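Chains here go by letter, A, B, C and D, matching the order in which they are written, and residues are numbered from 1 within each.
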């Protein structure tokens, strides 16, 4: 479970997050939705300690993560797939995967085999440089690299960015499967609310740094005012 | 800076600045005027380096090489056509160094910072070896002597007097000539910076992706920046040749490139006044070091004393770059701000 | 057989290799620091020189060559790591030119301090290998025990560095820390520690290179690394700054080329040719000859 | 006026303020009366002279000993009553040989400006070191009317009285040195039919040295050059050249190399097991350099008494002076550090030689005139033959501004260790080469001794 309480983050004079509080329950997908600049990415970066909050707490189960270093949080089992996927282009697929396992007590060979089963295309490309992969393949690689560490929490930043609808659909489906089979706590940041709400259990809507709603996903999807004003989805 | 001034304002400012500087030469001793003349050469060179670094985001450790091109072209040209007016020789030297800049700038457009710095350093190492190998016409390690500008009679008549008058007058004349060239160079650069090209260069420095998106030709802009920078350094080298009275491989060792970077950073890179401070620092570095040695009580002849200048300025370079990258220009700006604040407080 | 061993062309190749491995070793250090922090260390030569002075001057007090060389390597490890912590760390998120300028300043300071402490009178540390060439049938060959030692050392160092980077977990983390520090952090890599370690390892290789230079005939002096550093940079840039093998191959090729220029043409042009080759290589392949042509960062 | 506009104004004002500060510092430096030459103070009876020399940087290796030994001499003579009561105030400025490593501002031009700016004026430069460095300021000094005495370099340029009447060289030039080597080689049975190899620096040093050899009738079978910077950037070239000589069967090798080049060449020969007879220019053959590199020793040329002659009057006097002034200094530069158990080195002897020459000229002028003048010193130089430590007379004339024009061959000792760092005379023949006609004559060696007023 990830619990965020009264979180405030500023970049100089600009307030990126104001008093944000919400919970992402264990074993479920919580979508964080909102327009561009709403503070979604900042939220994830703050959880991973890449950004330091002015005030507030972030709990992983009972543990307060504020004040810890990013690598220590990663070692606790929080995997963060950053915006733009964070795949290292100069590394081969294989090397990217090996790097994913490096800080964790897991069996590398087994982990890689497992990921190749999940994403067969990566096995074909394993000697290729990540820079030569397509966008969808890179997203798969990023997720596979995160999963190889057998995390308990997965933070996904805009996995659908720049992908074709079909590819987005496949990725989202895989995320849902992973969540269910591994009892993963997933925090899914998305601008593409429709795809996210399709697989999410809960949803939090951010608007200019403020959390304006935290409800089950189905309720958010059904709320016309939220959809129209904050998520840019026309009424169905 | 200076992007919001009009051409007329810039002309007035340049004339005013040049006039003030020339006025000062009347109060200086001969030797200080001679140093001032050399300082103008360094200031122009540092302006070139600063142009590249501050205004296009690249750094060169090879500007002593471009200085050498300017200096040698001047000396060689005057050897055969000694009656050429100085203005023409300076233009020729500038153009030659700019051509060198284009050649070096071609690979530079594709290179990231460290590659460029290393490549230019290698250039600065190799170039001074040329004159020794090219045969007697290039002067060898002896170098090529040339006539320093001599004060015309009317000037000596106006200024003259005292037993050392003739040399003192010549030095003052040299300083004035240097200041005039310097003023023109600074005026041109300030214009350039306010121009469309200048804006393009800043955009390339700040965001090369955005620059390409708005349709700028990235390689051409960078090569142009490199060529202008090299040309200015060549002009500096030409002025150096005139003021020094000789050019030789020993005048442009590769370590000079490192000194130039040092004085540019300490003066304040990317600013016009920083280049002026840098040029003055370059010629007065020894006096400054001696003064500090005396004040602190370092034996100037001890092993430490002899190496103190490099320790001092190298250390200052590190500290400046880490804590105050805007150098002396930034510091003066800061002090000015403080003074203004204090004054406005008093007014209230 | 004797004729073959003393053949002029073969001799030139062997001399070229001997001179080139030293260039290659310096290039190797540059590659090491580049791959582990993405900084080109312009003070690398003086840093290695300084460390070598600390170690090899212990021979004045009766210490043997090997323990003194070991001291060089240990001090190199510590000094280089400390430099990263104190001087380089504040520069990681600054413009690309900041670390270049700072390291240029460090270059100046280190050389001046070394001259202040040890003077610029050359010293001649005695290596446990003879520099007298082997004889074959009464005439000298182009190899000496010292040369063989230098070649073995350089190839060994290059192999170790290659294995380290390409086949070990440590190497993977070092490279990741340099290429994408933030991503590496998110994967649990202790990036700060690795950046320091990367410099420390380069410090050891640098110390080895400087010891090899110090036992050469021209001896040890505060400016002993200046020339070799520039050649080393040219080699590293031609090799591509990414590849240890490329660094050594480019270094040795340069050594051989310069030897042939010295022998068959005019030594006065050797440096110029090196720079011209560098310019041409960088124009045609800005990423160097041995770096695989990948797109830059994603 | 907008912000940017004002900023330029501020820049210019600060420059003005800075320069004004400098101006006040430089005011009032012109000498008051014109009755005496600049640098001459009849009140304190001192005469101020100066020199630009390398005190730090690569070229200071060895060469710094020259001006420091001169300081020892001036301090010693000043302390013993001076020259007819006149004391010498010697200002040494460090120019790093224009090698830039000292930073901009330490170059010869700037330092010469500082010398000219000396309060009370500068009488003359004496003992400035280096060909290229002196060439870079010779016009400045000429225009300022300052005599340039005893330039420390073996270039033949100094012998140009028609263009530079106030310029005087000191040492035997490289042309003469080459001719002496050639003459000795041709006169020695074991060497005269041997193949000769030549390696010289790619500048006037090497060019003149090679020309001198040819003038003496020895045309090398192979002659090679190296760039001054090769000792840093292309060290292998020395080995390549020596290997070439070896495979060509060359038995005599003449080196016109600076000390670092000598080291590289001799070590290369050692590595190759190559043992030719080396002739090394006096510039690069100090015993310490030769000692460290090769146990086979070498021939060289000197115009000073061989250093093994510890009982030679001049060597003994020099040792006495250097020992007495050990630890003193003048104008912030210390005298030569010297401990008695060492042999003199050539640079120390050399610095003593030209400083004594200046004192001799000063003695001559003050004995007849009382107050030294520039023209008096110059006419003393060209009209008299001085006894200096050199084994040849310092014979300036209206057509010869070279100074010393000969020397003898010495053997640089071969065994290693400070106890073996000395030179011995090869024989008693002294060569003289006329700097204008290049004609060579010989005499038997005779050593002079210091004047009594030198104490």
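As a working rule, a residue touches a chain if its C-beta (ideal position, glycine included) is under 8 Å from a C-beta of that chain, and two chains touch if they have at least 3 such contacts.
Just so you know, these numbers come straight off a predicted model, no measurement behind them.
Peer 1: Of all chains present, which has the mean Cα position farthest from that of chain C?
Peer 2: Chain A.
Peer 1: In terms of C-beta pairs in contact, which two chains are most connected?
Peer 2: B-D
Peer 1: Can you compute the centre-to-centre distance for chain C and chain D, using the mean CA position of each chain? Integer Å is fine.
Peer 2: That gives a centre separation of 38 Å.
Peer 1: Taking the mean of the C-alpha atoms as each chain's centre, how many Å separate chain A from chain B?
Peer 2: Using C-alpha averages as centres, the distance is 53 Å.
Peer 1: With centres defined as the mean C-alpha position, give me the chain B-chain C separation in Å.
Peer 2: Computed value for the inter-centroid distance: 33 Å.
Peer 1: So the centre of each chain is just the mean of its C-alpha atoms; given that, what is the distance between chain A and chain C in Å?
Peer 2: Going by mean C-alpha positions, chain A sits 43 Å from chain C.
Peer 1: Where in chain B do residues touch two or more of the other chains?
Peer 2: As it turns out, chain B has residues touching two or more other chains at 125, 129, 132-133, 262, 306-307, 309-310, 313.
Peer 1: Touching at least two other chains at once: which residues of chain C meet that condition?
Peer 2: Where chain C meets two or more other chains at a single residue, that happens at 115, 230, 268, 271.
Peer 1: Which residues does chain A have that touch at least 2 chains other than itself?
Peer 2: Chain A, residues with two or more chain partners: not present.
Peer 1: Identify every two-chain combination in which the chains touch.
Peer 2: So, checking each combination of chains, I get A-C, B-C, B-D, C-D as the touching pairs.
Peer 1: Spell out the part of chain D that touches chain C in their complex, as residue ranges.
Peer 2: Those residues of chain D that touch chain C are 56-58, 60-61, 101, 202, 224-227, 229-237, 239-241, 243-244, 246-247, 260, 263-264, 267-268, 270-274, 292-293.
Peer 1: Which of the residues in chain C come into contact with chain B in the complex?
Peer 2: Listed in rising order, the residues are 34, 39-40, 42, 87, 90-91, 94-98, 100-102, 104-109, 111-113, 115-117, 119, 230, 233-234, 237, 241, 266, 268-269, 271-272, 274-275, 278-279, 282-283, 286.
Peer 1: Under the stated contact criterion, what part of chain D meets chain B in this complex?
Peer 2: 2-5, 7-16, 18-20, 22-27, 29-31, 34, 38, 55-56, 94, 97-107, 109-110, 113-114, 116-117, 121, 131-133, 135-140, 143-145, 201-204, 207, 227-229, 233, 329, 332-334
Peer 1: Can you tell me which positions in chain B touch chain C when the two form their complex?
Peer 2: Listed in rising order, the residues are 53, 57-59, 61, 103-104, 106-107, 110-115, 117-119, 121-123, 125-126, 129-130, 132-133, 258, 261-262, 265, 303-304, 306-311, 313-318, 321-322, 325.
Peer 1: Can you list the residues on chain C that touch chain A in the complex?
Peer 2: Result: residues 169, 172-173, 175-176, 179-180, 182-191, 292, 294-298 of chain C touch chain A.
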